[in-house]
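Paired with subunit B in one complex and with subunit C in the other, subunit A is shared by the two complexes that follow.
Moving on to the complex of A and B:
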């Protein structure tokens, strides 16, 4: 669909907006509705749109399989690592209050890091699944 | 400091090792990591059991949210015993894995295998250790999704359909469990098992409670593969790589544990088995399962499939033990969870060693294998004797409890049916023995070598423990009796 100018221009116009909205949902998650899962899905939607318009090969240049696998692994590690960090600072696993000297600050930091981990993994998993379906039949 | 965090480390170490494994990418390193993690998990499980025995139940509040509000991990004798089974089989499998997967899984997918194994391990350990009903569901999905993918790693293309079928049925089971938990949450407003057990008692006659029991009952029996909901099991066991088949043997046992947890700790055995007549339903189903699956095993040409049907029969035994609703029967079930984990692991691994050399699990291709692979086949025979229940093996201990429990109740027919299914086991094990020792190998095929030491070692460790725990029952049966008494005491 690369040769249809309307699609191409509009997709390019919307891509940064979608990504920005994803980041808003990601980092505003601790105050309002949203969070890592939704943000990951929205961010993945941007990549899906890009793939639909510009093709799988172009999308794969940005997000190759090793990169996606690494991202998904880092997300899980970030989540569990935050829990372990709280454990090392004297709390129980995922006891965010122990992450900072001020418990409320610690809770903010904890939930932000955990949601970031969720976001990364969900994004990577969504894109991996999408690529797997789109790339079916050709390797 | 570490000691107080043992319950969470039990789950988090494998959970964190899984993504690390994905980042390492080198199969050898991943193997070393998964082996180390399995050994650590086993050590932690043993320490937890020691503490649960000496100090009573251990409670751990996740995120410093005290129960019943937050998620609680709770270790008592029953689930500490189960944790040991999971971690021990995991460790043995990891010693066996590198050689076995070298020809059963594509080399490019070895890293994936270890990653999935670690996720699977943390899922099962999580289901077992948690004292929170919704957490059970979360870990259910972690372990189940990794199991589906593990089965699909099998090189036989039928592994894909087997995995898909298991995915569909497993998801139905998981959904039913989730609906059951949701209904219980609706009634009690709590997810913590101990708290739920207390709040549920006055509401047991409500229609919601009955619906919850029905959903949970069906969901759990589907997951633990009780006849007639076992149909996903034979295919999945047959086409999965051997190491995965061994691991899956632990999955059904974990679900039997969860069934015990819900039936005895949360609902109360009086309500479930007597008032709701689950006993009248489970006893015939278990008996039919034992007889039908054992009979089906006799007619299999694929030895792996034969062992899969035998596993269905053994699940029948375990559920029969539960449905006696007596301490003897329950002790039998809990000790058989451990004993059958050893037996099925030994048998499947011995078969896996033969697969490495012969390349086919069909009975016709195993002709004369007893002379070509004497040690492996000897291990298979000893494991088979354990399955039959010959004295001096662990199988005898379990069957002794089951028959004792039947006689205590005065159910003579049930006792004789237990003996009859043991005879059926003699027949299907004998078929393999006959082919392996008394038939000449096909002259057109080249003779095969004995299996490598890295496979022999774990198999013989298992066989030795089958014999050891068949003679000295202090740890297995003694613990199982304590666990059964604990469940009957109604303690959370």
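Moving on to the complex of A and C:
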């Protein structure tokens, strides 16, 4: 679909906006609606749009399988690691209050890290599943 | 006005759902199910559940539709008509559906302020979130902090599902193929 100029121009116009909105939802989740899951799927939707317009090979250049698998593993490890960090600082597993001397600050930090982990894993999972489905070609 | 929007969205939702069932052209069915998701998105929006609406718009309307279209590449575009109506599955579905509806009769009335869900931990979350976590979005506080274990489990489930799909569809060569190789 790369030859359709309207599609190509509009996709190029919308892609950065969608990605920026995903980042906004990710890091503004404490204050506005949304959070890691929503940010992950919105970012994945941007990659899906890119793949539909510019083709799988172009998208694969940015997100190859090793990168996606690593990203998703980092997400889960970041989440669980935040829990272990709280454990090491003398609190309960995932007790973010112990991450900082001020418990409320610790909660903010913990929620931010955990949501980042959720976002990474969800994004990588959505894109991987999408690539796996469209990558097989016609049988 | 809001009532009018709600009722028309629900009516359209029901019509579209029936249309998806009746449709034999799978491509049309996929597009109609995407419309169903779009209507659900509108309903979540009028219910002020904006984050659920985000998810529905991105997953339901966008990614799921594209995944279905990708699947259609591998299968045909037409649904095979089953030769005759099978009565046993229909009976089972009707009975289990009836039991579920019967179960809803015991639920508290819709919007009841004294419903058990409102006087368990929910009041604690709403009253103490300012003191304990100090972020304005209670949903994020509940999901990420109060219910952090659940969310960790959910992330693990998503991770596992991704690994499973990856291995099934795009991953490793099958063992039989490996054995055949010289």
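Here is the rule we go by: the second predicted complex is superposed on the first by the 136 of 139 C-alpha atoms of A that agree within 3 Å, B and C clash if a C-alpha of one lies under 4 Å from a C-alpha of the other, contacts with A are read in each partner's own complex, and residues count from 1 in each chain.
Methods note: contacts are C-beta pairs under 8 Å (C-beta built on N, C-alpha and C of every residue); 3 or more make two chains touch, one makes a residue touch a chain.
Owing to the predicted nature of the structure, the values given are computational and were not obtained by experimental measurement.
Looking at the shared chain after the overlay, A:84 reaches subunit B, while subunit C stays out of its contact range. Judged by the touch definition given at the top, the superposed model places A:111 against subunit C, while subunit B stays out of reach.
When both complexes are overlaid on chain A, the residue A:73 reaches subunit B and subunit C alike. Once the two structures are superposed, subunit B and subunit C can be ranked by residues of subunit A touched, with C on top. In the overlay built on the shared chain, the residue A:10 is in contact with neither subunit B nor subunit C.
Contacts of A:94 after superposition on the shared chain: both subunit B and subunit C are touched. By the touch criterion defined above, A:62 reaches neither subunit B nor subunit C.
On subunit A, the surface patch touched by subunit B in one complex and by subunit C in the other comprises residues 69, 72-73, 75-76, 80, 83, 93-94, 96. Within the complex formed with subunit A, the subunit C residues making contact are 50-51, 54-55, 58-59, 62-63, 66-67, 70-71, 73-74, 132-137, 139-141, 143-145, 148-149, 151-152, 155-156, 158-159, 161-163, 165-166, 168-170. Every residue of subunit A that touches subunit B in the complex is listed here, in rising order: 69-70, 72-77, 80-81, 83-84, 86-87, 91-98.
Partner subunit C is touched in their complex by these residues of subunit A: 25, 29-38, 41-42, 44-45, 48, 52, 65, 69, 72-73, 75-76, 79-80, 83, 93-94, 96, 103-104, 107-108, 110-111, 114-115, 117-118, 121-122, 124-126, 128-139. Within the complex formed with subunit A, the subunit B residues making contact are 5, 8, 12, 15-16, 18-20, 22-23, 60-64.
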